[in-house]
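In what comes next, chain A is part of two complexes: it sits with chain B in the first one and with chain C in the second one.
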Partner chain A sequence: MSENVGIVIVSHSADVARGTALMVEQMVGHEVPLGWCGGDPGGGLGTSVEAIMAAIDRAWSESGVAILVDLGGAETNSEMAIEMLPESRRGRVVVCNAPVVEGAVMAATEAASGATLEAVRRTAEELTPV
Partner chain B sequence: MNKVRASVLMRHEVGLHARPSVKLTKLAKAFESRIDLGLSPDGPWVDAKSIVKVMATKAPKDSTIYFRAEGTDAKDALDALVTLVDGDFQDGR
Partner chain C sequence: MMIDRQARKLLFETVAQRVIASADELTDLDRAIGDGDHGANMRRGFEAVLAAVDELAAKDLGESLKGVGTTLVMKVGGASGPLYGTLFMSLGKSLHDEVSCDQAADAFATAIEAVKARGKSDVGQKTMLDVLFPVLAVLREGGAGLPVRLKETARAAAQKTIPMRAIRGRASFLGERSVGHMDPGARSSALIVDAVADVMEGLA
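For the complex of A and B:
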């Protein structure tokens, strides 16, 4: 497993998701597969299972994918998206319990070193207030 | 095992904030050796490969960064890290 773990950013707002992805690209670089999505299909705030699945696909890595989410529905829809993945991929995608912006940058920094999915998740979750 | 120490004055304008921390951590991770970072010669030490811990040091401009490393590539690691900090984080990987 030499591929770096991928990172997916899911926010209710397309602007937040896009901005977070930009921060990851500019602070960490392009060596981490990255996908993001935000907003509902009508252009308002929200998240969609289909968009999350597409983002996982864009960020796909054989080493797995770590998802960073903002609030409520972003998390439940991400979990639903994971359940709908092909069985061969399902076990290699995790939702991190971490703030979306900070978590994405931390997780990507860890992922850029070739760390395992579990190590990437741990690094993002180190940020979570106890 | 090789044990090496080094220190360098950090002149970066904003100190060890997000971007410099990411560069430092990424570089440290490129080496096998165990690498610690501290703000005094006696520590306390944090793992230089942990982005969360490095960023949490919040080292301000004009602080001296102390490194200690242990491992086969310890000297190369500290040479590279000192060069990065001394070069104002310009040549980060």
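For the complex of A and C:
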């Protein structure tokens, strides 16, 4: 059996990221590799490429990692973090276009069922109005 | 133009000091239409560049520009980190110590395309691109008095973002309310162009 897809939560706020992670854990326990980060490199509100790369590492799964982000900078910094990963990992990490809390919970639920990275992403993105 | 170690150090220091000196102004602009962190973020990024300037300038121009880019990516924190980081990293991929005006224009054009892709944005959306593109056009022309023309173009282009309506970034949430304020990214780009042009003038 292959590993479940990992979930990474990236918020501008460490409190939001941690709170979202707790909600995910309540839903799926520890069946899904989980990483989260929030706050800029100075400890204020924002996001940090370095912290995102570390969160991806914590949530790493050979089946891939889905990232949920809150606002613009979190998305840009996540995309940058993906590009800075080793080439062997780069193609297996996606940023989901979905609300961070609901998206993380839905994505983790899907991931816990052993779904593929693409299916996890699709489930999270169903929450986004077209 | 030869950009030797001393010139690289002067270039990075000048750019960093100018951005740091204007951090409060950038924050004020960002407070009006964004989340008010552009100044603090840019200050943190360029303070990290200043702290490592000797080490950065010791490498050739390509590698040192990449180093500046990576530092900004890691330290800035907001979306401007990856955007400016991408700009510098891309420039570093194309440039060598001996730079002609044509080479600089080609490298800058490639770097702007990389920023566009990173920000999923384009000209006319009230972003740093609204300064970078007009600056590229002047760089392409080359010729006498280039630094002065680059500075004037950048300043005027940043002013032109005032009546624009934001489509990308945090300011886009404001829609029509973003009209009437200068884009902070356009302003920081103009500051950087201004600093680079001043160094060019001194070296010429």
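FYI, the second predicted complex is superposed on the first by the 129 of 130 C-alpha atoms of A that agree within 3 Å, B and C clash if a C-alpha of one lies under 4 Å from a C-alpha of the other, contacts with A are read in each partner's own complex, and residues count from 1 in each chain.
Going forward, a contact is a pair of C-beta atoms (placed from the backbone, for glycine too) under 8 Å apart; a residue touches a chain by one contact, two chains touch by 3 or more.
All figures in this text were calculated on a predicted structure; none of them were measured in a lab.
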*Room on chain A for both chain B and chain C (clash or fit)*: fit
_Once chain A of both complexes is superposed, is A:Pro41 in touch with chain B (first), chain C (second), both, or neither?_
second
*With both structures placed on chain A, which of the two partners, chain B or chain C, ends up touching more residues of chain A?*
C
*In the overlay, answer first, second, both or neither for which of chain B and chain C A:Ser61 touches.*
neither
*Superposition-derived angle with apex at the Cα centre of chain A and sides reaching chain B and chain C, degrees in steps of 10*: 150
*asked:* After the superposition on A, what does A:Val105 contact: first (chain B), second (chain C), both or neither?
replied: first
*Could you say whether A:Gly73 touches chain B, chain C, both of them, or neither, answering first, second, both or neither?*
second
_Least Cα gap, in Å, left between chain B and chain C after the two complexes are fitted on chain A_ = 27
*For chain A, which residues belong to both interfaces, chain B and chain C?*
none
*Residues of chain A touching chain C in their complex?*
40-42, 44-50, 71-73, 76-77, 79-80, 84
_In the complex, chain C residues that touch chain A_ = 35, 37, 40-41, 44, 73-83, 85-86, 118-119, 168-170
_For a test of understanding, state which residues of chain B touch chain A in their complex under the given definition._
18-19, 22, 25-26, 29-30, 49-52
*Quick one: which bits of chain A touch chain B in the complex? Just the residue numbers, please.*
27-28, 105-106, 109-110, 112-113, 123, 126-127
